[in-house]
Amino acid sequence: MSALVTLLVLPLAGAIAAIALPSPVGRTAALAAIAATTGAAIVLMATVAFQGMPRLEMGGWTPPLGIVLVADGLSVALIVMTALVMASAGLAARHAFAPGTAGERAAFGFWPLMLLLWSALNVVFLSRDLFNLYVGIELLSLAAIGLVAIDGKATALAAAMRYMIFALAGSLLYLAGVVLIHAAHGTLDIDLIATRTAAAPDGLALALMTAGLMAKTALFPFHVWLPPAHAGAPAPASAMLSGLVPKASFAILLRLWFDTMPDRASDGALTLIALLGTAAVIWGSLGALAQVRLKLIVAYSTVAQIGYLFLVFPLAGGASAGVPWAAGAWTGAVFLALSHGLAKAAMFLAVGHWMAVAGSDRLSDLRGLAQLMPMTAFAFALSAVTLVGLPPSGGFTGKYLVMTAAFASGQWAWALVMGGGGLLAAAYLYRPMAVLFARGAQAGAAPPSRARQAVPLLLASASVALGIASAGPFDLLAIGRPLAAEEGL
Amino acid sequence: MMIWTGPLLPLAALVWPFLLAALTALPAFRGRAVRLLPFAPLPALWLAVAGVEGVTTAPGLLLGVTLGLDAARRLLMGMTAALWLIAGLAAQPMAGKPHTAVFSGFWCLTLTGNIGVFLALDVVTFYVAFAAVSLAAWFLVVHDRTEVALRAGRVYIVTALAGEVSLLVGLLIGAAAAGGVDIEGVRIALGASDAGPVAVALLVTGFGIKVGLVPLHVWLPLAHPAAPVPASAVLSGAIVKAGLFGMILFLPDGAFGSVLMALGLAGAFGAALWGLTQSNPKAVLAYSTVSQMGLMVMLVGAGGAARETVPFLALHHGFAKGALFLLVGAMLAASDRRHRMLCLAFAAAVSASVAGFPFTGGALAKAAVKPGLTDAATLALSLSSVATSIILVWFLFRLWLLPNAGKTATHWPLRLSLPVVAGGLAFAGPWLFWQSWTGHDFVYALAMKPVIDALWPVAVALPPALALLRWSLPQRPPGDLLLLLQGWGTLSIPMPDLSLRWAGGRRLFDALALAIARAERGLLRWSLSSTLLPVLVLAMLALLA
Amino acid sequence: MTALSLFAVTGAVLIGIGFYGLIATRHFLRRVVAFNLIGSGLFLFFGATGARGGVTDPVPQALIITGIVVAFSASALGVGLVVARARLSGRAALPEEEDGA
Amino acid sequence: MTALLPVLILLTSLVPAVITFFLDQESHLLRNALSLGGAVLKVALIVVMLFAVAGGAAYETTIPLAPGLVLLLRIDALALLFVSLSATLWLLTTIYAIAYFGTQPELSRFFGFFSLCVAATTGIALSGSLISFFIFFELLTLSTWPLVAHKQDEASLKAARSYLLYALPCSAALLWAIVWLESATGPVLFTEPPDLDGLDPMSLRAIFALFILGFGMKAAIVPLHGWLPAAMAAPAPVSALLHAVAVVKAGAFGVIRVIYDVFGAARVAELGVGIPLAVLASATIIWGSLRALQQHDIKKRLAFSTVSQVSYIVLGAALAGPYGMIGGLAHLVHQGLMKITLFFCAGIYDVRAGVRSIAGLNGLGPRMPWTSTCFSLGALGMIGLPPMAGFVSKIYLGIGGLESGAPWVLAVLAASTLLNAAYFLPLLYRLWFLEPSPDATGDENAPALVVPAVIATLGALGAGVLAASAVSPLGWATLIAERGDIR
Amino acid sequence: MTLAFNAALCALILAAALATILGRGIFRSIMFFIVYGLLMAVAWVRLDVVDVALAEAAIGAGLTGVLFLAAFGRLVREGAEAEPPRRINPPAAVACVGLTAALTWAWFSLPIPERPGPQLAEALPRAGVENPVTAVLLNFRAWDTLLESIVLLAALIGLWMLTREDDWRNRLGLPQHVRPGGVMSGFGRVLPPVGLLVGVYLAYVGADRPGGAFQGGTVLAAVGLVAAMTGLVRPPRISAPGWRAVLVAGPLVFLVAGLAGALLGTNFLTLPAPVAGGAIFVIEVALLLSVAVTLTFLVLGPPEGENRR
């Protein structure tokens, strides 16, 4: 059975087991599913890297009748990143959602929600069918909302509600676009649509889907739901929510603008998207600066980092698509997404450890924790390196590629955003770093074991390793790219 | 790679005192470091006596060291080495006193530099040697660590450094102009190049500070008296000659001639006059040195044959001034009247020589110079002898007025015999080298005219000098021009911190963050941000259409 | 205007109305209702497109049925949220929109 | 094997760094052995390579990252100049630091980052491409931060913050410069001149300015120098690292690379950017000295002195002529030797005599003769007095100024010398000539602290006395110039 | 005539929709929404799309209406039924009018592609069912449907996460206090058998005619709800293993069938033509049960005990 099928079935089966089976067994099944899915993700990556792109025609039906799932470079890169984050979150949750630690409710619910979230992510990353993608992001949203609310406090519920309206509105806008596409072209398959003859409502469809996905990605000005939602959830959930969930809708956006209807892009629209990205970078960063709670800082950082991703559109899309640096910009943006996912998850997991010890995530309460838990502090620092975009990290590689494209295409304003955003990131991440490194630790509880501290460190290291060994991922991402991924610059 | 090529002795003459300087730092030698001093100048002395052919190079040292000797170098180096030897012996009574290890170490370093100045054939070595002699000598000046010595040290180091810097810049321009570091080449290039005058001005400044050229001399009357007697002897006798020799080496013939002559004469007369306001015999001697050196600078400025003979003059002055300073030391150590008389007598004899009394070395030296001078310059020279005579009489007077030591110091014979030897050399040296240096026969020196020329200034000088003993001028502390500056006090200039200020930026940042937070609350209202959703759809539709 | 166009335009208007409701109302339950309006309006529009050309395309129908189920799931969760929040705080609107103004 | 040499050299400090992070605070022996072992091994490798490279060899290792991002490590004469400096001083500093800290807390972190810093510096030195340079440059920035903050008190954290406040915007400028340039020329390797004709002169000037902004911060060019004096809050070994081994040197080295290997001296002259940079460097030289005069804290005064001195290197590079370049390169080493001496001594005064302010130095000379002698010699070298190394640089720079038609450089050198004297000599005066205060204590019974200082002093002395020999920094700089490793 | 009827229908629909949004009070809004849902079902019938009409009537109007009503009841108990003062939001109105205008424009500029694709006609015989909608749902796009059933599960788990910690072991939904022998009770005894029949029938005919597991499941869910509300059946606890097994039965069977396809056939979810009909039947039965139970639980809501805040 192909790795592709395994990857789709395993988390679903795990979720089903976690729902159906009584507590300890269900939890064990979930953990087994996590481990197996992680393995499947890696196998799939190897398959793509060495054997080409597996293609799964569901039920044996070819489009436009059936649904096709294809694992290309982008898919597997995101899938492996997801697997790493999920496995880490799972490890962290083993403790955080142990029956004794969390309530009965959360100890039961976390595992199926997590696995359902994972299933949805895999679907979104693999599917080539626009409606199937819709179902995927709906599943994603519902599972994510469940995770936001899992804390059970009034603020968490409010955050979940807020998230829900944005997610629902976004879904419906996206679906409206899908409806228009189907009405105009009679197919939902991305590759078939790419070869269609253009229709008048295509622009509206693209606009609807883009706007909807932006709301789900929490791009400025639709980001307001994100900080409370991500900051309110327990650490392992936050790690998934902040590290992975926005990447799903972003991946669909990439598919739309670069695979589905690259010809439909106009400079104005691309610029508008990047301007929103720019605003997100600035807004999110300043927002992070204004926070006194670490989780909120980290969450606002996600708002800013998401902004970066949207700079890719004018650099690799539209009139830029054919030029040699476009591939670089596109790959750079994906690098940014990947490294952000890893780093952000590492940060949330680290913060989770600190909260467990200090009892709060207020900066003033975290003073000196670096002495108590050097490994997590180091993980946080490494993640910060990635987010700021300093070498050698995946964040840097991505930033470099995007900036080079910006200069090469003469659109260097976006390079300024990129660089300025890095500085802002340094500014808002410096505050927690300085607090952590100050003297005077006041431990409320015993620090977690080294093995548990190592989890965020491994994730953060992965985000840095992405930059150190960037040649492999770069080549991987080129697999299945419609633009000839020319030898960069 | 060869460490050196050519004869070893010149290199040894430099390295040896340097090594001794290093030795003084060793604990084993600390207590008796002074004992090493007489040994330091021996290779140099040997070198001067024996002479050497060819050029020594040490390509790996510094920027490539080249050493060599010619007549002038040999003469001056010989004088210097001999004087250092004598002074080194004279320093022996210091043994066992505090800080003598430091003193000895820097003594040897100064000596190294002093010898090096005469041996160097390239600009860099010369500069290094010159810097060594200038700066290491600072420790000799401040050795006593009295308030006076320390003040003198401050003035000394400031001026010496200023001199060092202008020298360096001047030499750099010269080397760049010459395209090499050969001293000869640099001198020629300085005469020819556009930048020459600047460089020469800088060199005159640099060397002028060392020789005590008015108005750069201010340090000298402070420093020379402040140092211990043996140090004063080498300072005034040998070290100043380094500057003089620098001028001879580097200044193109005739460059800045009139300026040098004017300044030299100003020094020759002005210093002699101001010296009369001093009560410390060492200060008087120091002013005398300024005066004498002014005279020699004048000769350098005069150029031509006169300039060629300056080393000969310097030979005499070196020994003589060394002797006089040492005699001050002897006088300070003398307790009974007979000893004091003896000191005074010897001092008078040496003074007579400096004043150019006939048949003395000084007379000979001046006689050697005169053929190369214009009449006016000759007259100036003679008049300067008058001034010299007056100030030396004043010196003898002040010497005699020194207090009685009370009890005879140790090493009394040594203390007296060393200046006698130096004085003797001052007498004998010019005779010894007369023929080989001037090319004249002895008869020339013994002829009537030179004798009269030498005699009358002394004769003219005696009455006013004796009058001065009766009606002395108001006494002033040493330092003349420096006294004018003292009113300025310490300069304190408030300086802003140029580094970028972030504080303002930080406030701006905070304000911005606050504004954002406020706007965020507005945006948090779903009705606002969600209205933007269809608006965005429409905007994008418009842009995509 | 054909019947199909009538239904399609009705669908479009419903989407507009629903969106306005989603934006402008503050009681969360009404928002969930408005969400359902948008959804059904969109499905109507979709159904109309699928019936063009005289044949009925089964694919939109199947998709609509899926969509309805998904919308119901979301509604159920949304309703659950508002009820749960009301139990905790006695409020049924988002905190930032609760007070007048 | 030879292709791996560059990596091997890098690993000699990287491996100890990584292992050290995981060591317990109590494993002093293992930690010290790691640090020292790495340092010794590195020095040994470098000695081997010095001979090989002098014979004309060059080693290269290429690690491709993404397209356009090639990690190229290359050992040539210029790289070796810097790497031997940092490696030697690393060894000395390690010995010193082990003695300095004793059994203080958080040493594993300290030595870990310390080795990482050196690894980054090594990487900077060996970088054969612009992007490799940048990567290691940033690694250096980051690994330095925990060192500056090491004491974790208010002052240290403030200093560390100030450091990043300066460093990160300048890094951004640097990245902009690199990206802008490479977007037009493709990846820039130091061995082959990039084709700059694709960019108009104004763009090139802007890129150059961005480069200078980026490197100038590390090189503490006014007005980007504010972090350096603040960083004196860090312990003495860190100061040594900042001022001599790594950080400021990296900035100056970057300027050299940019001028000679990216733009090329000819292009710099053609664009007319060399002289403005020289003016800036000169202004820094003067300003740093003036500010140093006002300081009452030893280390602060030394820090401002560094501000001034490092710009000598920049000045030499900016003059863009052979003499200036040789002078600048030689000063890279000279300044390192002399400044590390001074900081070592300042540290000894601090830990052995509790003296930090200049006033406290009174009479310490006879009490701590070795330290004070080293300090004095270092200070004299800084002033540029022969035969210490400083004067050699000064001579070459002066001639370089004349050669490049900038005779005013001589005035700058002159003024700087006088100012240096003005702020150093009073220290020596206090050391040797003033009476100690009655309650003063202090001894130097700490060979591990004193010996590195003495060795560094001897190095500085040797670099001056033996300047013309082939093994001196000057000789090596001349070799670099003759070989055309830099254009 | 037809047009007039259609126009009147559309006008009613729009009026109901407007009333839903603008009407005073949440309860009125819900009532209008139920009316609206029924009108929509009519509209679907007018469009000759009976499958959807059934779904809309059952889920869109019926079940959703019940969901809202139940929620409203609970909000009343919490005192949260009152709305904050509402204001007209002109910018939003303008934007929404724009959205409508854009979609209307799109409708009139839409090209008509080749639909339904020739592939459908060609593939239908191999689908195992005759109703093309069911063929699409359970064969051609079975993957969507599988995920859809998972979405229901996700919503349910999410909903359960809203339980208060103390209530976790209670029975689902509000505690019911139905007077035995009352109207509700009688209603509850009559309705379920009928509903049960209707539900199973709907699912069964779905293979060939309009209907299917989701529609049938909805009817069954309605039965379950009525049974629960009338006290006929006590809602289970979350921990009840049997119910949880039923919840996942549909997706599980679907998954297993899919995997069987992958192992035996060519691809995941491949239902080889000879066995397709049978397989679809099995899947439909399992789905029917799961959907019914899931929908019931979704409407019942998380367990809520007696203890108030």
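We call the chains A, B, C, D and E, going by the order they appear; numbering starts again at 1 in every chain.
We take it that contacts are C-beta pairs under 8 Å (C-beta built on N, C-alpha and C of every residue); 3 or more make two chains touch, one makes a residue touch a chain.
Keep in mind that this is a model prediction, so the values were computed, not measured.
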Practice item. Please find the path from chain D to chain E through touching chains that uses the fewest steps, and give that number. Key: 2
Point to revise | Reaching chain C from chain B through chains that touch each other, fewest steps | key: 1
Point to revise | Centre-most chain, if every chain is reduced to its averaged C-alpha atoms | key: D
Review point. If you average the Cα atoms per chain, which one ends up farthest from chain B?
Key: E
Exercise for review: Select, from A-D and C-E, the pair of chains that is joined by more C-beta pairs in contact.
Suggested key: C-E
Review point. Quick one: chain B and chain D, Cα centre-to-centre, how many Å?
Key: 36
**Study point:** Distance between the centres, which are taken as Cα means, of chain C and chain A, whole angstrom
**Key:** 27
Exercise for review: Please compute the C-alpha centroid of chain A, do the same for chain E, then give the distance between them in whole Å.
Suggested key: 31
Study note, to complete from the structure: Cα centroid separation, chain B vs chain E, in Å, comes to 107
Revision key, fill the gap. Multi-chain contacts in chain A, i.e. residues touching at least two other chains, fall at 131, 135, 138, 142, 145-146, 149, 157, 162, 165, 169, 176, 183, 186, 204
Practice item. Give me the residues of chain C that touch two or more other chains. Key: 15, 19, 22-24, 26, 45, 49-50, 52, 57, 59, 63, 66, 70, 73-74, 77, 81-82, 84, 88, 94, 97
Check your understanding: Which chain D residues sit where two or more other chains touch them?
Key -> none
Exercise for review: Could you please write down every pair of chains that are in touch?
Suggested key: A-B, A-C, A-D, A-E, B-C, B-D, B-E, C-E
Practice item. Write out the stretch or stretches of chain A touching chain E in their complex. Key: 1-2, 5, 8-9, 12-13, 15-16, 19-20, 22, 56-62, 64-67, 103-106, 108-109, 112-113, 116, 119, 123, 131-132, 135-136, 138-139, 142-143, 145-146, 149-150, 152, 157, 176, 180, 183-187, 199-201, 204-205
Practice item. Under the touch definition given earlier, write down the residues of chain A that touch chain C in their complex. Key: 131, 135, 138, 141-142, 145-146, 149, 153-155, 157-158, 160-162, 164-165, 168-169, 171-172, 175-176, 179, 182-183, 186
Exercise for review: Spell out the residues on chain E that touch chain B in their complex, using ranges where they run on.
Suggested key: 89, 91-92, 95-96, 98-99, 102
Study note, to complete from the structure: In the complex, chain D touches chain B at residues 162, 165-166, 222-227, 229, 287, 290-291, 294, 373, 380, 383-387, 391-392, 394-395, 398-399, 402-403, 407, 410-411, 413-414, 417-418, 421, 425, 432-433, 464-470, 472, 474
Practice item. Spell out the residues on chain E that touch chain C in their complex, using ranges where they run on. Key: 2-3, 6-7, 10, 13-14, 17-18, 20-21, 26, 29-30, 33, 36-37, 40, 43-44, 46-49, 51-52, 55-56, 59-60, 63-64, 67-68, 70-72, 74-75, 78-81, 83-89, 92-93, 95-97, 99-100, 103-104, 107-108, 110, 112, 115-116, 120, 132-133, 135-137, 141, 144-145, 148, 151-152, 154-156, 158-159, 162, 164, 212, 214-215, 291, 295, 298-299, 301-302, 304, 309
